[in-house]
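Both of the next two complexes hold chain A, though its partner changes from chain B to chain C.
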Partner chain A sequence: MYGFEAMTFNIHGGYLEAIVRGHRSGLLTAADYNNLCQCETLDDIKMHLSATEYGPYLQNEPSPLHTTTIVEKCTLKLVDEYKHMLCQATEPMSTFLEYITYGHMIDNVVLIVTGTLHERDVQELLEKCHPLGMFDSIATLAVAQNMRELYRLVLVDTPLAPYFSECITSEDLDDMNIEIMRNTLYKAYLEDFYRFCQKLGGATAEIMSDLLAFEADRRAVNITINSIGTELTRDDRRKLYSSFGLLYPYGHEELAVCEDIDQVRGVMEKYPPYQPIFSKLSYGESQMLDKAFYEEEVKRLCLSFEQQFHYGVFFAYMRLKEQEIRNLMWISECVAQNQKSRVHDSVVFIF
Partner chain B sequence: MMQWLKNLPEMDLMRSEKMTFVQLIIPVESAHRAVSYLGELGLLQFRDLNDDKSPFQRTFVNQVKRCAEMSRKLRFLKDQINKAGLLSSALPTLQSDVDLEALESQLADHEHELIEMNANSEKLQQTYNELLEFKMVLQKAGSFLISGKSYESAEGRELDENVYPSDYPESDSTSLLEQATQSGPSNSSGLRFISGIIPKSKVLFFERMLFRATRGNLLFNQAPADELIMDHVSSEMVEKTIFVVFFSGEQAKTKILKICEAFGANCYPVPEDLTKQTQITQEVSLRLSELETTLDVGIRHRNAALHSIGVHLSIWMNMVKREKAVFDTLNMLNFDVTKKCLVGEGWCPIFAKPQIQEALQRATFDSNSQIGIIFHVMDSVESPPTYFRTNTFTNAYQEIVDAYGVAKYQEANPAVYTVITFPFLFAVMFGDWGHGICLLLGALILIAREGKLSSQKLGSFMEMLFGGRYVLLLMSLFSIYCGLIYNEFFSVPYHIFGDSAYRCRDDSCSDAHTVGLIKYRDAYPFGVDPSWRGSRSELPFLNSLKMKMSILFGVAQMNLGIMLSYFNSIFFNNSLDIRYQFIPQMIFLNSLFGYLSLLIIIKWCTGSQADLYHVMIYMFLSPFDDLGENELFWGQRPLQIVLLLSALVAVPWMLFPKPFILRKLHAERFQGRTYGVLRSSEMDIDSEPGSARHHEEEFNFSEVFVHQMIHSIEFVLGSVSNTASYLRLWALSLAHSELSTVFYEKVLLLAWGYENILIRMVGLAVFAFATAFILLMMETLSAFLHALRLHWVEFQNKFYGGDGYKFKPFSFAALADDED
Partner chain C sequence: MEEENEAQISNLSTAATEETEDQALIFLDSLDDYLILIQTLSSTLRQGWLELASARHSMGASRVNTALLSLKHRSAATKVELDYHDNAKSPQFSLCKWTSTDDKNSYLENEKVEEDEQLKENMSGLESENEESSLESSKGSETTASPCKTENLKERAKVLSMFGTLVSPKLRASQLSFETALETLVNIANVRSSILEAHAALVKDTKNTKE
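Coming up: the complex of A and B.
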């Protein structure tokens, strides 16, 4: 019922919203990050984390720690939380929660396909996959030789099947094709997710459309920057942009013809919400763009907690947690490799 | 009077223990020992002096880390012991007083040994599993092959190649493999097959995937395995299914093998030749039995090792936990400037000072330190923690009070009165000596088995029941007492104290229910006359009795509460509170509800017919009118006018003077001091250091006034609503007696009216269940909660601050409790 979520939302969503807000307050704060940044060894990091929500997940790890173990255990916590929420969820929230994982699914598919292309061991690849994007027959992806087979053998059973219909070709798989496939899939996924949220209506639609639009615009910018200087034609490039978001449709027209980073900047600065992101960067620089985008995203995600009775908090929490894990990974890598001066380069404080 | 009050012997439980803030200066060499002795003593609460440091920047972080690592190893060992299904016998073999370094290396050895053993046995187990699977595949797939052969001969084709997966992993079975490989001359055309085994849950998907990959050009046969097989990842037993796939073509083979790999299916070669099959089967069985014995020996060896660890495990765990606690506490201490001493601060009760000093001396002596530990008292700005010394009996009552809020330091402790008033108010609501006896039996069982129950781990509900066993005991004793007064035994009245005072007008007793009974002798000596039961006026009589009784109890308890606030003011030397809070409160409450209680008592004593509602209501509406037939005693009207006026005066009395006087005092104190900067330095000189900082707080008149206003309004409204709240005593007692009457009359007596034994038994069973679950459990719980509310809200809000914090000494005993 549009506009009347407050009346009925808590019947099915109240418990889970409470859970997710509780989880949110367990996120590491700036004070935690400051302490973590002062750590000398990975054991110090473990010690500090053991005083946080991560404690039970790390306490049984034997002492010479590795960055991967820390990240793995932290991800495990996220996965456990997600699974708990998914078990408790009813329709349509369970579908919403499943939508959140499709992005990881796409990444995993691409990872396996690329890996087999370069003749890597499947088991090794499986370990690298994000556990949220796992599905039953993911290992079978290695069998496929081309897109059509990929679809017919494996993906037809997964929720990704509808997104695939746009990129079925019988071309053999190569790096370029795979990258295009990833972006086509992501485009279809975002559009589908956007439609689904619009269908839910209410505050969910309002907040999710903002978050997804930001995601779509960010992807558009990244696709543009990454495809500069490759053999991707303008038309092909435009096909990869999602058909919603702030840049749609005129910004896409302009982005499609960009030839260097400064042109992209020119296009983006016309849009007031993105102006501050780009105004922070010096000309010709694209390294810090990722961090700037992440910071903006975190800000928006945090804001979504200000409103009640919508599903956006679940999306926001999952994203924030992923950001936190990225932060932890960066900090532990810096500590492990004695690069403490660079710790602050890529850490995005959440609170 | 004042002198007499002051000379009363001190009650231990009334005021919390006197605490003192102490400083310890400990030489580094004896620090560890001193802290562990203090932990054994458990009477000193350390203050964290390194609050601003994160855990890994503290002094003893390495030791803490080592302890954490050791406890991780211990958890691993415990986990292994539990997995092996060994009961870690908690026999405290007190011989081992190993020191920490030795334990650390010992633990590392044990862990290493176990991991190695596990790896070995896992390898063996895997080989065993593979052989077992191979055997099953041989048995099942053999039968498929035979049927397949007949099928194939009908088709006129030849089955001539077996495919062997190249990745058969175990080197142990190479001999087998060689044999098998020889048996299959390769032929690149024609029908081939792959046989293997796969977890049952994956079969359907596997088959579908095979079908898709080969575009339907295959034949899939499956049969369930007879035995469960251990999955080596999760070490759970899983059901598996044996399959045989027939297909043709080289490309299909690679695809199928890849799919098998992806699904985690293990493929095993099966020779088509029957004789070879039997031969291999025999060989596999032989190896299986060999392996089984090896595995058995391995497990026995491992169990023996685990058992020897298990004996010490609990001691070790305890030791590591203590050690960690000691280092955690040491981390709270500061280094002094010379880095040779550790400085600690904390709270301890004054009575414990000699004990602490003795422990510290012992520590100095035992660690052969040159310098003794300096232990001296300091002044502190903070308010001290609250510490009541309770015993097993009073502990439960103290818990009831603490659940509302921990008393401020040295504040009057309501637990002293709660010990009796709580069970008593409960019993007023639960008055039935039959039910009381049932509760008493329960409480006695819990108390009799105290020693046994306190050592074992109970469920959360039993834990609660056991913790409150002495509360339960008093509750049941009081309900027997109240039950005797109400004269109820499972709602049946008994003539315990002689005959009823009433009898029928004539022998037939026909008009007993219409006209009534006549009184022929003195009143029933104790409690309610049994003849009231079942009479027409039973409810009006009992209601009136219980209602009035509730008000009497309520007014008495609230007066006690206000009296306690007086004791508090005396204790803290706060004459302002006595004059402008205690006196008007006392006047207000007693001029209204104290007067009502007086009227009730007079009415009971004189047997007057006066309507008390009328008296109370018209006391407010028209105080000057004549009381008429409602006059209970001479001079009632002028008394009422005086009481009403004093109540009216009491309200502004408790509202206005106090904030204004506070403001005046404040103004006097800072007279002429207009510059705030200088204030603090002057303050330190002219007033005692302990209270110096409190006065620095800004005096905000409007805040104080609003606070006082809220307080007064709360009291005035509260005295009405709290008195009304005590009527719950009546309501619950009524509900209880009505419920038990219903169960007795409508279930037990009704069923007993039938001759049929079956119906009687059913009736008895229903009655027993209703009594046990509804009356004994639900009603007990509800009466308990209402008694709790009456204490927390109606009683304690008259005097209890409840904003203190508990004394949490560093103690090993508490540490052990924590874990359980």
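Coming up: the complex of A and C.
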């Protein structure tokens, strides 16, 4: 049974829960997507989006539009909504909202470090960073030569500092080490977020446990598939899996030794929640796996709105909005490349 | 006597006409091959760009973007060589893939028919992923795969590592598509060369026939 959230939640969280539920009703519907999928040019997409909440963000963009411009402006809307909620939030909701952005922070750190390794200009890299993951000293990342310096010079004062304990070495940063660092950081972040939600208790713990466990399991599958045929050893692969989730620990043991997609399928079909996902795929196929996972994620995120007085709705809204932006990116790419027949390959309807 | 001369002239003109027709057929065949290759190139490039967009959709814009392309000095992974066989007027282009000399273990390898077939099988079977899993399992089982295929897989992974070492299969598929497009371009260059040669021969034969 949950605690008595209904009695106390609205004191500090009622306004923001109402705000986020209002934002949720502004998400694009299947009818909107059907209209967008019939567009012939990016300007048509802009015209259709002008009738939605994205209108003010795209109206001043000159033609010809580019797909990255559409994604940037839609992301700006998400950032504005997030910042409004964050500045109105009190503890512990503000910490919860900050946790949602740590994944983007990790992506930005890796982008800067990788780009610097490839001798790219820092300003160019900063422009490509996700706005939700920015922090003050991010540009200083370019001076670090190894992970120890990365931690000591920059990250020690950021929320990512606790996640670095597992990957501090004096080894020079190269492509493999950076990849391992990315996944190790993300693993530590997910586990920390999970513990934080458990500490909050009540409906938040219940709902967020399910959502984060799904995220951890999906990560495990993606790491397995992406590492097939690479130099990543089985032990290193096992170390990148999170220490929670439905697949922990026996599923992880089996995934660690998988050598092809069919073996991954064999492992996942033993778990009833994931059996329908893999039943949609034909043998040897992994192209549609991402869409199947996104569809399952969207289903779970939408279900979280069925309950009140918990923080899961904020996490769910952010993720649904990111999915919407992914949909718009895919539709824009298909229209720009004149590949409208493939538009439904990756669009996931939210409602 | 006059009849014999007329018969000889008639035979010569028939032979010349047949030769002209043969040259015309060669020219038209080459042109047909050229048009088919152009179409193949167009569809392969479209597939490659869509797969790249799909990889970006899957991995995220921060992992697949132009800011990650390396600006470090490195030797080209793939080179085009020009050969003139037997003093022929038309050059022959060939592709030397994955010939980067950055790695000490790399070696020069010409385009091989077997690898073409392997790549073509990969492209046609990419939707089922069976070929890709066999390609990647061949990287793991070095005792059974030929050394050149293993080296190629390593070189491919090395080039792709600028986007990270754990990349989506969609990004690998797009790499294969663009690699196939590069091979098609070289084939187009060769076919174009043979078209020009056939055209020159045809024009010459036509002039001789008129004379």
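Note that the second predicted complex is superposed on the first by the 349 of 351 C-alpha atoms of A that agree within 3 Å, B and C clash if a C-alpha of one lies under 4 Å from a C-alpha of the other, contacts with A are read in each partner's own complex, and residues count from 1 in each chain.
Quick note on the criterion: a contact is a pair of C-beta atoms (placed from the backbone, for glycine too) under 8 Å apart; a residue touches a chain by one contact, two chains touch by 3 or more.
Just so you know, these numbers come straight off a predicted model, no measurement behind them.
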{"item": "First, second, both or neither for A:S346, with chain B first and chain C second", "value": "second"}
{"item": "Which of chain B and chain C A:L153 touches, first, second, both or neither", "value": "first"}
{"item": "Contacts of A:R326 with chain B and chain C, given as first, second, both or neither", "value": "second"}
{"item": "Which superposed partner A:L200 touches (first chain B, second chain C, both, neither)", "value": "neither"}
{"item": "Touched partner set for A:L78, first chain B, second chain C, both or neither", "value": "neither"}
{"item": "Of chain C and chain B, partner touching more chain A residues", "value": "C"}
{"item": "First, second, both or neither for A:V264, with chain B first and chain C second", "value": "neither"}
{"item": "List of chain A residues in touch with chain B within their complex", "value": "35, 38-40, 43-44, 47-48, 50-51, 59-63, 122, 136-137, 139-140, 142-143, 152-154"}
{"item": "Residues on chain C engaged by chain A in the complex (per definition of touch)", "value": "46, 49-50, 53-54, 56-58, 60-63, 65, 67-72, 127-130, 133, 135-137, 139-140, 153, 157, 161-162, 164-170"}
{"item": "Chain A contact footprint on chain B (complex, rising order)", "value": "54-57, 61, 64-65, 68-69, 72, 75-76, 202, 205, 209, 212-213, 255, 258-259, 261-263"}
{"item": "Partner chain C, residues of chain A touching it in the complex", "value": "68, 71, 107-108, 110-111, 114-115, 118-120, 124-125, 127-130, 175-176, 178-179, 182-183, 222-223, 225-232, 259-262, 282-287, 290, 326, 329-330, 333-334, 337, 339, 342, 345-346"}
